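Please read through the structure below; I'll follow up with questions.
Letters are used for the chains, namely A, B and C, taken in the order the chains are written, and counting of residues starts over at 1 for each.
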Amino acid sequence: MDTFTASLDAALALLLHADAHLYGIVSLSLRVSCLAVLLAALFALPLGALLAVAQFPGRRTLTVLVNGFMGLPAVVVGLIVYLSLSRAGPLGELGLLFTPSAMSLAQAVLVAPLLAALTRQIVEDAWFEYADQLHSLGVSPRQAALTLLWDTRWSLSTVLLAGFGRAISEVGAVMIVGGNIDGVTRVMTTAIALETSKGDLPLAMGLGIILVALVLLLNALAQAIRSWAARSAQ
Amino acid sequence: MTAMKTAMFPLQLSGIGFAPSGTTILQDINLTIAEGSCTVILGPNGAGKSVLMRIMHGLLAPGSGRVEWGSLEERPLSQAMLFQRPVMLRRSVLSNVAYGLHVQGIPIPEAKRRALAALESVGLQHLADRPARVLSGGEQQRVALARAAALQPRILFLDEPTASLDPGAARAIESGIAALHAAGITIVMVTHHLGQARRLARDIVFLAAGRIQECTPAHDFFRQPQSQAAADFLKEELP
Amino acid sequence: MNLIRRLLCVALLASVLPAQAADNFITVASTTSTEQSGLFGFLLPIFKKETGIEVRVVALGTGQALDMARRGDADVVFVHDQAAEEKFLAEGYGVKRYEVMYNDFILIGPKEDPAKVAGGKDITAALKKIEESKSAFVSRGDRSGTHAAELRLWKLAGIDLDKVKGPWYKDTGSGMGPALNSAAAMNAYILADRGTWLSFKNRQNLAIVVEGDKRLFNQYGVMLVNPAKHPHVKKEAGQKFVDWVISPAGQRAIAAYKIGDDQLFFPNAHK
């Protein structure tokens, strides 16, 4: 029990004496995961919407694949991205390994299936309501996908938050492609893993508490913005 | 332009059948819609009215038979449809009306200008900037009518456009339809409302059990239907 | 409304784009023991101050660290498994191996000491007793330098692990810290490097039971990754780092790193 008290103490102490180092780790976590969700969304939202509205050969197979990849283990994604970015790998020339960009890329690969699958579900539900009207207006599948993405934007913002939650909380992939380099690629989760392996469990838990609090805070913020915007724009 | 005008009509349905997964919904439908006509499709529930209209409009492909537009090879774009429940996009009233124009490649400023004019014609210009989804059902249907009218269609399909509206809102829609017809737009409508059919229709197509039972000028239909099914239907529907 | 939205987007993008890091850095593949003991945290700022070169350390097991360098993802390796390092050199991946420093391995065990090995100096005798009493033993099992040393010691003790392995021998496949956490949770014996042990905080019921055997000597070596194999290796900066850690200045810095009163690493570079 006293480990938990010690963890809360550690979390408080971390916050009270928030130094540049902790700030750097927290802000890197946020930046890496924001970029990851942005990257993933650019690809996954249109894909999800097209899977919902367009008819093309292989659509079902692709849907099954996308749904299945939601369960992709982070470590496997990390390995794939690592081997691609490694100097000996196909993208080695870019020299991206052990950089924040590589971590964003890995997280993007990790959350893209989640975003695409949830987007497909949401857009498909909306499509059910809109299909006749949009067909009647002579809308192409591409236009329909864009229209539905815009019309389901409030639901989709929840999807993005879910993606962000998965991205910022995963450790396996960023550990492998980032290398947990102090001051360069150390984020909240890899710092937690490091402190755990150093046996400093209260400090690890303290960092964990901060991470959870941060994610909660962001969600609350997003919720507030969303309801404000939804009120003013329906 | 004049050449095209003559080319689109008449709309001719020949030998249309529709039987998805074995259940016959429509069979042996032959029908001609002439330019400038106002045809109301009547019939009991489950007669296949909505399906027939969707096939005419091109939302559904018929199982058999042909839909031909005059001498055109393809389905013409200058047509629109109004549904029982208007589908409002999550954007402003004006954007909803302009949307259909923009989709057809009209640049946004021009689309907005024409949308505003269409809104004026249904008396809703003062709501142009409101989010469409907060309007009442009647207002939404008027926006949908404006959206359809803005496309300047040559033919307008309406599938029970006033079925879920209160009498006041229904009247507003009805006069909108009448105005469009007066402006030369061909009207094809499904309704359950016999009074409305009487007020608007020039021709009645009576459909029962997936077949056209009769196709009669409205005036004659309400006085003396030719088929027994239509006679029974009128007896039941009228007090 | 639209303007606000646009501003928000721009702000988001700007905050998200990764800050461009300095180009003057090298990547060192090293072991968890050097990183987690805090040595690099102490050493690297001194090096950076003297040379302006930033050192980015990726801490892995020795085996993984060497593999990472084989793929060309590091400029320098700093590890502790002489046999594996020499193999790496022989394959042409390294330029030259320099010995840098040593520390020692220690046998950690529960204070109740079920195998009755505490206080001894003879590591092979202790391992024999652990095997005989089938006392719980946690192994790294991750091809790290410490794992390699452990396997060597079992062999020296005349024990064929493949034959005697049982539920008492717990192959965890994890780094030094996680393995120590497991040992603490299971009250098991474990071979650890002294540096990690000294900085390890979750000891619970564990203590040092055997230390001081010459065979527990743990030598660290440093090598520049061969630019002939991987042309992008930053050979000037990398060589500067190698030269510095074996220089008198670097050696003094290594000797100066202490946790409490304990010196963790003993410099022994000889050119």
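Just a few scattered comments:
One rule holds in what follows: a contact is a pair of C-beta atoms (placed from the backbone, for glycine too) under 8 Å apart; a residue touches a chain by one contact, two chains touch by 3 or more.
For clarity, every value in this text was computed on a predicted model and none was experimentally measured.
Among the chains present, the centre nearest to the common Cα mean is that of A.
Relative to chain C, the chain whose mean Cα position lies farthest away is B.
Chain centres here are Cα averages; for chain A and chain C they lie 32 Å apart. With each centre defined as the average position of its C-alpha atoms, the distance from chain A to chain B rounds to 46 Å. Averaging C-alpha coordinates per chain places the centre of chain B 77 Å away from that of chain C. Touching of two or more other chains is recorded for residues 233 of chain A.
Against chain B, the residues of chain A that register as touching in their complex are 129-130, 132-139, 143, 147, 150-151, 153, 233-234. Against chain A, the residues of chain B that register as touching in their complex are 54, 57-59, 77, 80-81, 83, 87, 89-91, 99-100, 103-104, 131-134, 151. Those residues of chain C lying in contact with chain A across their complex are 1, 12-13, 15-18, 21, 27, 32, 36, 40-41, 56-59, 70-73, 175-178, 180-181, 184, 199-203, 230, 232. Those residues of chain A that touch chain C in the complex are listed here as 31-32, 34-35, 38, 86-89, 92, 95, 97-101, 104, 179-182, 184, 194, 196-201, 232-233.
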